[in-house]
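Following are the structures in question.
Both of the next two complexes hold chain A, though its partner changes from chain B to chain C.
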Partner chain A sequence: MTIDVQTWVKVAAFTGGGLAMGLGAIGAAVGEGHTAAQANIAISRTPDMSGDIFKSMLVGQAVAESASIFALVIAMILLFTDYASSYIEISVVLSAGICMGLGAIGSGIGSGYPAGAACVGIARQPAMSGRLMTNMLIGSAVCQTPAIFSLVTSFIILFTDFSGRPINPTWAAIVGAGLASGFGGIGSGLGGGLVAETSCDGIARQPETVTPVTNVMLLGQAVTQTTAIYGLLVSFILMFKTFEATSALAPAAALLSAGICMGIGAIGPGIGEGFTARSAVDGIARNMNATAELTRIMLVGQAVAESTGIYSLVIALILIFVV
Partner chain B sequence: METIKQTQKKYGSRAMSLAIIVAMGLIVLGEKAAGKGLILGTLFSVVNFILIGATLPRTVGHKKRAAILISFVSLLLRYALLAIPIVLAIKLDQINIFTVIIGIFMIQLMILVDHLPLPLGQKRASS
Partner chain C sequence: MGELGRIHQLIFPLGGHQVSLNIEAIIMTWIVIAILLLFGYLAARKHGRVPRPMQIVGELFVAQFFGLAEDALDKKRAEKYGPLICALFMFLVLSNWLGIIPHLEEPTKDLNTPLSLGLMGFIIAHYAGIRSKGFKAYASEYFQPMFFMMPLNLIGELAKIVSISFRLFGNIMGGSIIILVVSYLTYSVVIPPLLNAFFGLFVGTIQAFVFTMLTVVYISVQVK
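Right after this comes the complex of A and B.
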């Protein structure tokens, strides 16, 4: 049996679509399940507040599942669009699907954390329900950033015309771009969620600390997103740089490795920076007078945690430009 | 504090109203497909939001693993519904896919607009 190029493109598109939605659903489901579990705890403490807690859960889940709706959009485009019959399209459709699926995992789980903490917080401090809701939504919205990066990368991969470029090593650059952005978003999404969760928790415990807690949460979350930005940067270089045609496998392996290196290398720092910011936010909620010192220590800690992400970026750039 | 139904009604009606106004503007400007796409996407976004509210009580009252499983099944069913306007937009030239996608996020947009404009230091009066 011989399989033509068009069939291979279809196989890759179906696989990419399946991976986009399958991986994308993981994050949202875990995040929503976590929120529901926390709502259980909250309702068991204060059954009278169940209406408010359900409302917080509803709004939190609606925002939290945005990442997986991005994945749904990409999956549908992959499943129902006709693509050109060329070998490069195989890597295009596969990479777009993997990128979006992976990129939605961290954001989905991360957004569930503040939603759950807001439910528990409302049970503990009903008077702060409005402020908790706002803080939860800000935190959840920032958690969506890595998924938005993956969506943008997937769209660029799908709608850029790669037909004029050599198949080898462009196929590897395209797949590498998807992996860099997709894997790169996991840590940042999770890390951002950890910070937002503690922020909601802190506001519920000490309502008077709302301003410094929210501000430091945003600062901490912004730093956790930097490794996702590295992933996006490497993706953009891989997508927009034109590579010379070659029959050798090594240049393609270097480009693919660059994407894998940056993507996987960004997971740890994103989560680690989330831990650092989480403890700082928790400390500020307990002792508002130590805000300046805790913020300084948080930034130093995050900078150190960031270093392994920078090493990955350097190696990825060497693989792209030097090797 | 408003109930879940009131919350759904508030964001649902705001989303549909905004979509209809913008869609009418697009249709007047000759972008008929874009206008149709926006309304279609928003309509399914509102239905999805109502279904989230309907499935919430089912997720509460179970252990974490069961809650995650119920969330996952509910998610898949609701996404099968959300896939309908996207597939229609891909298959039919009369519906613009990009405005369908914007419409699908109209509820989330309304929620964020409702909460985010306040300055960070300002305390929101609890409703």
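Right after this comes the complex of A and C.
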């Protein structure tokens, strides 16, 4: 039996679709389970508020689920689109699937946290249920950003015309681009969730701190996402730069490792900066007068934690442009 | 689906070079500017002790963002940078909302818009830093904690421009791609309006606020 290019592209598309949905299902499920668990605890504590808690659980779960819905969209497109039969398409469909699948993990888990904290918060402070819901929605929506970045990367990979480019280094660039955005989203999604969780918790404990807590939460989450943005940047460079044709394997390996380097290098800083911002938000909720000082220290601490992400970025750029 | 990620460009030769203009982003930006000018005119016209609806909205923006600037900077600097911060937010939020109107596109969907605004914030922050600390103290910060860290500190600073602009661009672009694809898959029934409300109004407002906050913080980190 001989297998032609057409068949290989189909095989890759099915594999990519499977990976997109399989990996993409992990995060949202964990996050939603956590939310439901917290909602149960909350209802056991304040059964009178069960209606509000139930509502906020469902809304929070719906937001957490959107990460895996993105993965579903990509998987559907991979399964039902006809692709040109060329070798480059194999890496295109595989990379798009892996990118979206990995990228949905962090955001899914992350946006489950604020929803859970909001449920417990409503049980503790029923009068704040409206503000808690708003804060949770903002926090969860910002958590989705890394998943949205992966989605953008997947779509651009799928719909860019790579046919005019040389096959040899380009296949590696495409796979590298997918891995950079995919892995890069895991840490930031998780970290952003931690920040949002503490902010919901803090608002429930000290309702008058709601404005600084929400502001610093947004700031902390935004800085936490920086490494995911580096991943997106490396993906963009890999996708849009035209590389010279070559028969050697070394340039391709360099492009592939640039993507892996940036992607995996972004996981740690994302989670670490999430820890920093979480404690800062917690501190502000306890002592609002120290907001300015806490924000400053948080930003400095995050910048230091981010330096390892910047090392990854430097190495990735050297791999792309110098090696 | 064919229009995904396509940019309408006007390309013309000028002195031996091909000059390309992203015509759509330019037109949409001017629409936003026109709406903002109209809003400013309506808000400031006939202002009185008993405010009219437009005046209330205008005062709300000004009070909110001056307060934000005052928290992050001090009172004197807040008066200086407050108008910039307020205008930045109003421009961004209107830009992000523009996409929910059919046939109009968000100017922030084009990377050039967030990138130039990020560059603007970066330059203003560093100018403010040099003004308040003096050039020597400003430059010596790059050699902290060790002199050989200079290149990495420099890259870290430059990466701020990338992160602030790609964050906005990625979110708005992602939202518009999702809306386009889902509209195509569902034949524009039921779901797309909800997605427009979520990505256009909700995420658009949050991201505009995040961009504004980060610009304020970049300034405040430099001046302190």
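Of note:
Assume the second predicted complex is superposed on the first by the 323 of 323 C-alpha atoms of A that agree within 3 Å, B and C clash if a C-alpha of one lies under 4 Å from a C-alpha of the other, contacts with A are read in each partner's own complex, and residues count from 1 in each chain.
The rule is simple: a residue touches a chain if its C-beta (ideal position, glycine included) is under 8 Å from a C-beta of that chain, and two chains touch if they have at least 3 such contacts.
Since the model is a prediction, treat every value here as computed from it, not as a measurement.
Aligning the two structures on chain A places chain B and chain C in clashing positions. Applying the stated contact rule after C-alpha superposition, one finds that A:Ile109 touches neither chain B nor chain C. In the superposed pair of complexes, A:Met21 makes contact with chain B only, with no contact to chain C. Of the two partner chains, chain C is the only one touched by A:Leu219; chain B is not.
Judged by the touch definition given at the top, the superposed model places A:Glu306 against chain C, while chain B stays out of reach. In the superposition on chain A, A:Val314 makes contact with chain C only, not with chain B.
Contacts of A:Ala141 after superposition on the shared chain: both chain B and chain C are touched.
By the touch criterion stated above, A:Ala96 is placed in contact with neither chain B nor chain C. In the superposed model, A:Val73 makes contact with both chain B and chain C. Common to the chain B and chain C interfaces on chain A are residues 73, 76-77, 137-138, 141, 215, 218.
Residues 1-4, 7-8, 49, 52-53, 56-57, 59-65, 67-72, 75-76, 79, 82-83, 86-87, 90-91, 97, 101, 104-105, 107-108, 111-112, 115-116, 118, 120-121, 123-127 of chain B touch chain A in their complex.
Those residues of chain A lying in contact with chain B across their complex are 21, 25, 28-30, 32-34, 36-37, 39-40, 43, 51-52, 54-55, 57-59, 61-63, 65-66, 68-69, 72-73, 76-77, 80-81, 126-131, 133-134, 137-138, 141, 210-211, 214-215, 218.
Only residues 70, 73, 76-77, 137-138, 141-142, 145, 148-149, 151-152, 155-156, 159-160, 212, 215, 218-219, 222, 225-226, 229-230, 232-233, 291-292, 295-296, 299, 303, 306-307, 310-311, 313-314 of chain A touch chain C when the two sit together in their complex.
Residue ranges on chain C touching chain A, taken from their complex, read 1, 4-5, 68, 71-72, 152, 155-156, 159, 162-163, 166-167, 170-171, 173-175, 177-178, 181-182, 185, 198, 202-203, 206, 209-210, 213-214, 217, 220-221, 224.
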